[in-house]
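Pasting in a structure now, in structure tokens, and then I'll have a few things to ask.
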Amino acid sequence: MLHGMYSQLRAQISPVLWRHKRASAAILLAMGMIPLAVHADETNNASAQQACYVDGLSEQMQCGAISVPENYAEPDGKQIQIHYVVMPATKPSDRKEALLAIAGGPGQSAIENAQGFDRMLTKVRQTEDVILIDQRGTGQSNQLQCVGDAFDSALAVDESLFDTRAETQKCLDELDADVTQYGSLNALKDFEAVRAHLGYQKLHLYGVSYGTRMAQLYMRHYPDSLVTVTLDGVVPMQQSVLAIGNAIARAFELLIEDCSNNQLCHKQFPDLKADLDKVDAELTQAPQISLVPDPLTGEATKLTMTRSKFKGALRMALYSPATRSLIPHAIHQAANGNFQPITGLYAMSMDNAGIAMGMHASVVCGEDWQRLTPELREQTNQSYFGHEMLKTFAQSCEVWNMPAVDASFSEPIASDIPTLLLSGELDPATPPSWGEIAMEKLSNAKHFIAPYATHGVAYQSCGNDLIAQLIEQGAVTELDGECLTEDIRRNFYLNASTVEAIPSDDAAKSDEQTALNQ
Amino acid sequence: MSNKIIAMIRKELIDAARDKRSVMAGLYYAVGTPLLMCAMFFLLIGQLTSPEDLNIKIDNAKGAPDLVKFLSSRGIKHGEAEDTKEIKLIISDDYAANMAKGLSAEVILIADASNEKLQNSIRRLERSLQEYSGEMGSLRLIARGIDPRIMQPIKVNVKDEATPDSKAGMILGLATMTMIYAVFISGMNLAIDTSAGERERNSLALLLSHPVSTWEIVIAKITAVTIFAMVGLILTLLISKVAYSFVPWQELGFAVSVNTSFIVMMLLVGLPVALMAACLQLFVSFMAKSFKEAQSYITIVLILPMMLAMAASYNIAPEAIQWLPISGQMQALIEFIKGRELPLTQIAVSSAFTLAIAIGLAIGMQKSLKSEKIVFGL
Amino acid sequence: MIQVSNLSKRIGDVQALNDLSFSAQNGQITGLLGPNGAGKTTCLRTVFGLLKPDQGFAEIDGIDIAKSPVAAKQQLGLFPDPFGLYERLTPREYISYFAELNGLSRKEAKLATNNVIDKLHLADIADRHCKGFSQGQRMKTALAQAIVHQPTNIILDEPTRGLDVMSTRVLRDILRDLKNQGHCVLFSSHVMQEVAALCDQVIVMAAGQVVAVGSPDALCQQTGKDSLEDAFIQLIGTDEGIAA
């Protein structure tokens, strides 16, 4: 296993700007499958490109890698391999342009998420090749992963006893890399090198979550290589991702509001806010320790239900509409002392931490931690998650010792490249207001807010059609976000089994009666 | 090649080029067939693909509002309009009750699976229902503190060795067949005109009275007909190249492109076939007593190459046909299209066969031109 | 010179040629006269090598047609019946084509074609497609084809059939010209006036055999008749199949 305790625990309290894989049947079942997704041989020959397969897709793809210097200031120094996959267009218009899809995290492997990209970009793939690059420090591109010690079970541990500083130091010592070279700007040079290597004249960009930062940097540094850009779940350059704490709190409020506005949910869980506060307060006092069947093995195992686990599980559940619909039931059960649904959700988020925490730290410590103003720090400290994050990053960034990016890094992007920005109203990571901030100096851009989407709008709405349209037309003028407003909201789970109105016993009996009488 | 042969070829080509019937026969085929094929594929694609908005009948929709909403987000909606497909989804009365108890809630899908136009739509509906069921199943497990991965003891990872080109193989097989056939159709009228027609117009005896050998005449006529056949093939290929690029193949999940290497391959492989076609058609028309008779003979004779070509493109015949003329080349071409290694032996053997038949027919023709019966149609 | 020796040819049940021998000399017009079915066309086709004789042989300028057909044919020009024009070609193309078939280079063929077009006054129709030509225009084109390569021997099969008076006169003039140039002209006919007016030597055929040979006057003398027509009837012993 590539992921150990360290990443599991850290993921719960990091900005996590990834796109939570959609909890639709097949994908949900395939979640957390960690094996290396691409079976192309590792090779030093940069031009070697060969047919290969990626996880979850039966179709043949083209895989390859290029060699780049780990440190661009020392071109003859250590070289690392940047792996990429080209998903070929079914009917290529020409081979001069392609779409580069950039994953989130920071720390997610784009190639491991090929299936999700493929599904979302089906229309685009009819005419354009789609490139996925494992950003340096992720996936197969010299992944900076902190495995950590495999102590006990993750369910049993009490996070407050976790020594972030020591564990981070241990991780750093184990990594065979100059971690200071794994920031976004170096990775951008890799992307441009892959583009040139593959011979595409221009690129369409799709960046999701943290990927939008990479896309914006691309707009700033290589505007001539771009035709169109789509930013989905926007992290504006002006914003430190550590400000995410407020977005999480906002998303919790929106959930509770949604439930109380929903007749069925409100009837079933009339005191949701109180339930949440109650559990929160109880767990703040002391963790609840019990013996439960392990979610995977079914063996009896110790569960230390901490506030961190509780809130972390709920937070991660907010990323996807499917798991979000289970939250009211999970809170209500927890308030009644049943932590089964929370344990289930926690297990999901735990195994879904497909994030290279070393690379994650390189990005956040270099680009976000140090630019936090005292005011913002103060403001962020207000929320539970903000507070937790500041605490852990204070410790880990000290170890990681990343040089801060220039102040110019945080300037807004000024560009006239046709740019589509997508935000989900219910997004627990990148709220619509962040999209507005990014719009500041974009002169040829449109920002659409999908009222019922969470994080990763294109996966949950007609956003993917808008991207296909943008790429086909090369302009944002014709784009119309009307279709995003279609009410795709689903019901909340009213018990552990159903989302439909539960027939009252009386009604059920009378139904049976009529059935018997017939 | 002697001056006489060149003079004869030139004369045949000028003569044929001025013959509307000969030119049109080739032209109609070369232009018409690719366009017809495209039109057919357009229709086919329209029928095979499920419409973006799939309207079906949903009974008791209020029994499962969440399911209905989910289907709607997949573009499957209840419709009353004319474009509503003959698919009915009935949500059982106890759907909500069973669902609430954690049991299986029943929905009934009624459709005629033998209706090919519906198959994609039916599959899409089934897939959507499976997806919904799978998602709910996973969440039911999560709600019970169980990792949903346990529901998938086996993860099947399919590695499809088909390339986009090979997926298009079936379509291109059909297209290749029509292209190969172009060499038969394009030269046909000229072949009849220059043999049976020449005799009918009394110029054959005149020609034979001049100091040219029968071999020279045979070679000239074969060459002229072959040139016509090849021009027809080139035209067919060029028009196909343009026309096929307009068909929205991507909706079938693959692309069909008539690229340069395919055109070159097709011309190389087509040449011996065109030679044989020319010999066959000339031979048969020389045997016929009149233009009309020749036309009917040739129509019958052409069924044979057509059947060989079809056998090859549908892969329905015994192994032996892989060495036969036309079918052998066709199979090799299809392999080539699918991006596999070109079966050189197969091409060599079947082309050699083809040429052997052509030479045999040419010898026969040369002999027949010395026969009084053939020359004067006695 | 055309020399036919002991030709016999059976077509189906009919003995078309029966030990036929004659010769046609250079600088003479020789007429092959005979009733329908006498074997005239069969005889000419054999001379051209289109039919193989069962016995005997035909020689053109001393070359056996059966042994070296190409060399022999090189010395022959054929004015066929029917003409066998290519309707989609112009007379210029048509004539030049056959000139090339007779071994002329493309350039020579063009030159020879121009000459023969001048000679036969074909210039006004030379570049129109043959389709729709009058019988006279067709005749001239066919004739031009026969003489374009200036063969020593010219064979005409029923040359005046279907021609009007004017065309017939033109044809006669041309044949006389050819004779005067020293060509050997052999034509078949069943029209008495034609033969009487033109021929230096007449070969009368009946049932595949030569019945009599000689100038028109000599034949009249031989039979004691005043007109060639009467002499002819006397020779073949019947008046069947004779056009007046």
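Going by the order they are written in, the chains are A, B and C; count residues from 1 in each one.
Just so it is clear, a residue touches a chain if its C-beta (ideal position, glycine included) is under 8 Å from a C-beta of that chain, and two chains touch if they have at least 3 such contacts.
Since we're looking at a predicted model, the values are computed, not measured.
Enquirer: Taking each chain's centre as the average of its Cα atoms, which is closest to the average over all protein Cα atoms shown?
Expert: If we average C-alpha coordinates per chain, B lands closest to the whole-structure average.
Enquirer: What pair of chains is linked by the most C-beta contacts?
Expert: A-B
Enquirer: Using CA atom averages as chain centres, what separation in Å is found between chain A and chain B?
Expert: 47
Enquirer: Distance-wise, how many Å sit between the C-alpha centres of chain B and chain C, to the nearest whole number?
Expert: About 57 Å, centre to centre.
Enquirer: How many angstrom lie between the CA centroids of chain A and chain C, rounded to a whole number?
Expert: 100
Enquirer: Would you pull the chain C residues touching chain B in the complex into a rising list?
Expert: For chain C paired with chain B, touching residues are 11, 45, 48-52, 69-74, 76, 78, 80, 82-89, 93, 97-98, 100-103, 105-106, 109, 129, 145.
Enquirer: Using the touch definition from the top, list the residues of chain A that touch chain B in their complex.
Expert: Residue list for chain A touching chain B: 23-26, 28-33, 53, 55-56, 58-60, 88-92, 126-127, 292-293, 295-296, 298, 322-323, 325-326, 329-330, 339-341, 343-345, 347-348, 351, 486-491, 493-503, 508, 511.
Enquirer: For the complex, which residues does chain B have touching chain C?
Expert: Interface residues on chain B, with respect to chain C: 3-4, 7-8, 11, 14-15, 18-19, 201-213, 372, 375-376, 378.
Enquirer: Note which residues of chain B are touching chain A in the complex, please.
Expert: Counting only chain B, the residues touching chain A are 63-67, 69-70, 72-73, 93-97, 99-102, 130-152, 155, 157-164, 248-251, 253-255, 257.
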